[in-house]
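Each of the next two complexes has subunit A plus one more chain, namely subunit B in the first and subunit C in the second.
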Partner chain A sequence: MFSTLNLTPTARFWAGALLLTGLAGCNKDEEVVSPSVANEAITTLTLTVTNAASATDTQTATWEQLLDSKGNPVASGPDVSKANLNLKPNTTYNVTVGLLDKTQTPTFDVGAEIKERANIHSFFFQPLPTTQALIIPAPTGADTYPLPIPTPVPAGNPLNLTVTRIDTDNNKTPLPVGLTDTFVTGAASTGYLRVVLRHQPNVKDGTFAPGSTDFDAGFKVTIQ
Partner chain B sequence: MKFNTLLLSAGLALPLTGLAQSSPNKSYFGINAGASFATGNFRATDAENTESGFAKTGFTVALDGAHFFHGGIVGLAGQVAFSDNGRLLGDDLAKLGAAYTEAFDVDATTLRATGRYRRLSALVGPTFMFGGDKLKLEVRGLAGINQMLGTPELMVQLEDDPTNTFTQRSSHSLTFGYSAGLGLHYALGERLGLVARTDFMGSSPITIKNDNRNNTVGRFTEKQPVTAFNTTLGLAFTLGN
Partner chain C sequence: MLLAALLFSGAMPRLGLAQVTPAGATCALSLAGRIIDQRTGEPLPGAVLRLAETGTAEAADPDGHYHFHQLCAGPYHLHISFVGYAEQVLAVEVRGATTRDIKLKADARQLGEVRVAGERATVPLISQSQTTLSGQALQQTRGRSLAESLTGITGVYSIQTGPTIAKPVIHGLYGNRVLILNNGVRQEGQQWALDHAPEIDPFTATRLSVIKGAASIRYGADAIGGVVLVEPAALPDTAGVGGEVNLVGMTNGRLGAASAFVQGAVPADTVRGGGRGLGLLHGLSYRVQGTLRRAGNSRSATYYLANTGLEERNYSLALGYHRGIVNTELFFSRFDTKLGIFAGSETGSVNDLRAAIARDRPLTPDQFTYAIGRPYQAVVHQLFKAKATVGLPGGDRVEAVFARQTDARSEYGSQLPYNPALGDVPDLFLSLTSHTLDVAYVTAAARPWSATAGLAGNTQANIREYQYLIPNFRNYGAGAYVLGRHRGERLTLEGGLRYDYRWLRAFLTDVTTGRIIQPTTVYQALTGTLGGALALGHGLTLTTNLATAWRPPTVNELYAAGVHQSAASYEEGNASLTKEQAYNASASLLYSGEKLEGEVGGYVNYIRNYLYLAPAQRYIRTVRGAYPVFDYTQADALFKGLDARLSYRPFSRLTLTSSLSLLWAYKLTTNDYLIYAPPNRWQNGLRLNLGDAASPGRLRGSYVGLSNLLVARQNRTPASGDYAPAPAAYNLWGAEAGTILHAGHQVFDVSLTASNLFNREYRDYLNRFRYYTADVGQNIQLRLRVPF
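So, the complex of A and B:
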């Protein structure tokens, strides 16, 4: 049987072929940077607030920062003329958050996109002033609160408002999103509500810190 | 689909070869080498499909053998094969990167890929050989184990945050493997023959582990089917009298 192995030219041919195929399979690394097309902008955040006990008791509050043709905020600053909430004390409100991109024609519903991408986005709500631990860290250095919230926030009685995020995402361990919420008011008080949308790609864990801020808005709140 | 075509071809070939003159079959062992054409989702390059493997046409090297009972047409065959179906190339990473960038809504994604699709299979099964002294047709179906020696490892970094990186690990899964195919044996001498083979091979999906995937977003591969169509040429050394 092994006499056939005496066919050394054939054996050499196959040994050579095997060696060549082995060499052809050598390892190499590849690296690619893949940029995206420009992301949509967010210009407008609207809170639609409905009294849970009275569906006709509905109000909206809108914070808007329009952008110029280069995507930079217009020099006149944000329009906070409609960023006001007047709530009743000791009342529960159902709240929805709407987001728009008014740089596009027609206006683009960013809120729907955030809903689709809820697994990497999260809204955070910070009533101010507060005696509780801050959910959203106060600005430091040259940073400021979004208008109409003054920086720093004047000391005073806390705003008696508790915000609970209702909707959750589809992560393996579902995390809050914040497109739908409840506001529960306490005794009469005045203050501000800061609303921040965080973009947390692959780092969303329920906390504020990871990721970056997509939108930062402020509202004046009166509970009376 | 190709697998079904192959089985059909084998089925048609059986009665045709049965008509041919048959001579006693000798047991043999041999070595084959040739091309391995990745097929199906293993070859697919659709980044939205989590089972797309981006595997390439590579090569396969196999040690074969068969023992025919009493020189009849029925025997027991075995094969140990090494196969390589390439690695992820720049175009593949560009597609995957665009998909991750879109899914995570980030400005840019950096992808690094290392390693290749490499596997070792050990299969046994029935074989049937028909034909005359000079030319024989072999039809066989084998099953056994498929050991992945590695798959491409993919590291994905979102934007420019080095901490925001996740990795699709290289797989070393042990899975069920199978193959079916035809071999044409041409006798070069009393002991030596030339063998041309064509086989469809596959395995149950291999398991892929992912590190630091914190959010359920975008392409997330945990199972990868492996299928290939192999064509080889080799030598067979017959045993016994």
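So, the complex of A and C:
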């Protein structure tokens, strides 16, 4: 019923060649899926706040947003459960800012790298009332977003907190960086503290406007 | 007849020869030959040859051949004319079967005009509107990118991402809906975003053609909007070595471009001056071509655009071999570019974009540099092509083309990876490898009935690294088509049918399970076309065409998920999308008279399940801030428009041109306009031909010209989905001057062009960086072409 395929030597050669070409064309490199790597990911920002008058009075507050396997924010949203600061009124605190990339193994200390690149980075702090729209903690209702931070930050915020950046960069005219800061609290009040890291290559001038945002997070601050 | 010969050859010394021919001798001699472009060596089908003595005229056939029969022996004068070329008169002595090959020189008087190829030899369909840039019109665009080169054509626009990245737009459609054929091969590059420009060096081409309208029949799926053909000159077949050097300098961005080619041949027969004795080398021809292009920061009317330089290094090699009935050709090209992306376009969130829109001018450094920093793109595209044509008795031929393309795209974000251990790596890397095989049977064009039938197959593999934009994938495609044409006395009718099959499998990690999934999609479609061209007499021709076309959803439309930084958006694919189906009707009326030439064409393109990015009316929160989400969706869309162009020569030295492109693009499903539809445009030009200088032979074909471009404000914008309103209308002036300098036997073709002459500040609706910056200002360009 089935006829045997009889091939001449030439035909056999060509059939073989065709088969080899076909196989060579079908390498399966595309079936190996490389993991997503985000080179400029920052997942976690930690504020370490120490009372200037008492070294044992120290606390940390952490804001975190992890990424999924495609490098996009996880569906559950940011973890703001630890993004709370409880400060005493009329007190001075020494603050350090830490940044981590938890998508890398081991976790990479982005803060140290930002220090290296201080000339093109700048932190901005904006105390805000709890009534103002803020990305983090996640707003409910309509999606409205805070405006760029004006420079200087207007005085008279309902949150009685004054932030001063201590460290400076190596630009010709040294400009503040913000990895180390001083928080000075006033009378009892509550609000948010917005922390923004700006990337300002060749354009850093001490103001917020130039460049683009690398990180934008908020902490709930209670002064009592 | 003899009397005429006597009268016309009055200046010839050998008057007596005609007289000694005894009256009544059989006049059965012939004069034949081939007519080609002197510079490129390509045949000039449609060139008109007239024998003054007999009054008979003949047009060169598609291969450039001509024949005059039943001639008597004696001297003749052959007048040769062809649009775009200098008219020539040749004195020919006919004795026996005389062969005379003719080389025509491009005519400076035709500089800058967009001309429609008389025979439309390169397109399979004659009933569709086609415009070709060649000769001096192409010369005027040298040094610019492919999309920029085409924007002078009626109905063609370009969608830009800053000054370095541009994609062609035909009748309002772009990206995956415009097919680019580079040297006969479907260009398979990365087409996943608007900032992925075609990876082609226009210096390789001697003809750039645009077919407007659905042209899927011959070229396969995707050609919904049209086709761009990038065609190099045919390889030479006459003995000797020749070439050309092109130099371009532009003030804006201080762009410099240099391109050169050298070509030669060992002719197959002695008729073309090849001599004998080189054995198997006879029939060999070659071309080596290379281009370097570099620019620094572009400048708007008042400030520099930071980080908008570019570097390009390209080369191509072609080798042809002709023996007997077989013609083989090998071609390799490499395109290597580094494109700076405007530094002011980096956004951390939609906040940064809104702040940029609110500013009059960007906050980036206002200074010039050639250095390209992050962000930038680096793309390497390589094409290998092997083509064999077998000429069959009777003029039919079989063609087979195999091509392999690799496209490696690296996109570098605004800063180095934070982790120094990663090194200076891109943020996104994509590598696409494509193999295509096309086989076609083409019948001789000379007969009233002609046909083309063919099979096409392709496979693609894509591999990604770093960020996720699109997944890895494997793609198989196959198609079969047949096209027929009947050429009548006045009416030519044509029609075709095609079947296509596409198989696509993606490989990606499922976000929730962490496992690798392999979703597979299969699409198939039947497309058809019907059209005709009717010669109405008095120089009028009417063409109409009905065509369908389709496009399967691309891998990004199916599976994209991520932030698109320069667009300040988060784009999400949809795996359940269906194919896009287009129904296209077009008609145009052409007039070709002594003083007036023109074309008016209208078109309607109804697209069912048109794929586009729709605003999802929600935001995604990233650590940088919030981005609006855009989903790939489908809706029925309607594109209709009108293209008109007119060229008027009140007297021989003056040419006035005017062209108008109108377009209306609408989403029927949601009753809204489509975003990024080209605004209406009106171009006017005036050119004064100064002729040849008084001292004979020094400056020839000098000209000066003035042009104006008026782009209306796009008032038909969607109610949602854009961040800023459409920019105001603008009006730009241009000026040009050129001449051909003869120094001994050497020719120098020099021209000076100014665009945006008065340095007007403007923003274009189709430049996606209009949110961040004004468009480029004044640009004065000097071009030098030296053929040798």
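Worth pointing out:
To be clear about the criterion, the second predicted complex is superposed on the first by the 158 of 224 C-alpha atoms of A that agree within 3 Å, B and C clash if a C-alpha of one lies under 4 Å from a C-alpha of the other, contacts with A are read in each partner's own complex, and residues count from 1 in each chain.
Basically, contacts are C-beta pairs under 8 Å (C-beta built on N, C-alpha and C of every residue); 3 or more make two chains touch, one makes a residue touch a chain.
For clarity, every value in this text was computed on a predicted model and none was experimentally measured.
In the superposed pair of complexes, A:His199 makes contact with subunit B and with subunit C alike. In the superposition on chain A, A:Asp181 makes contact with neither subunit B nor subunit C. When both complexes are overlaid on chain A, the residue A:Asn171 reaches subunit B alone and has no touch with subunit C. The larger set of touched subunit A residues comes from C, when the choice is between subunit B and subunit C.
When the two complexes are overlaid on their common chain A, residue A:Asn119 makes contact with subunit B while staying clear of subunit C. When the two complexes are overlaid on their common chain A, residue A:Glu30 makes contact with subunit B and with subunit C alike. The interface of subunit A with subunit B overlaps its interface with subunit C at residues 25, 27, 29-36, 39, 117, 120, 199, 201-203.
On the side of subunit B, the complex with subunit A involves touching residues 31, 33, 58-59, 61, 84, 87-90, 92-94, 96-98, 100-102, 104-116, 118, 158-159, 164, 166, 189, 191-192, 212-217, 234-235, 237-239.
Put simply, subunit A touches subunit C in their complex at residues 25, 27, 29-43, 65, 68-73, 77-78, 101, 104, 108, 110, 113-114, 117, 120, 135-136, 138, 143, 145-148, 198-199, 201-203, 209-217.
Remark: subunit C residues 306, 343, 346-352, 355, 363-365, 373-374, 413-420, 422, 425, 427, 435, 459, 461-468, 471-474, 507-511, 514, 516, 518, 561-563, 618-626 touch subunit A in the complex.
Touching subunit B in their complex are the following residues of subunit A: 1, 3-4, 7, 10, 14, 17-18, 21, 24-25, 27-36, 39, 117, 119-120, 170-172, 199-205.
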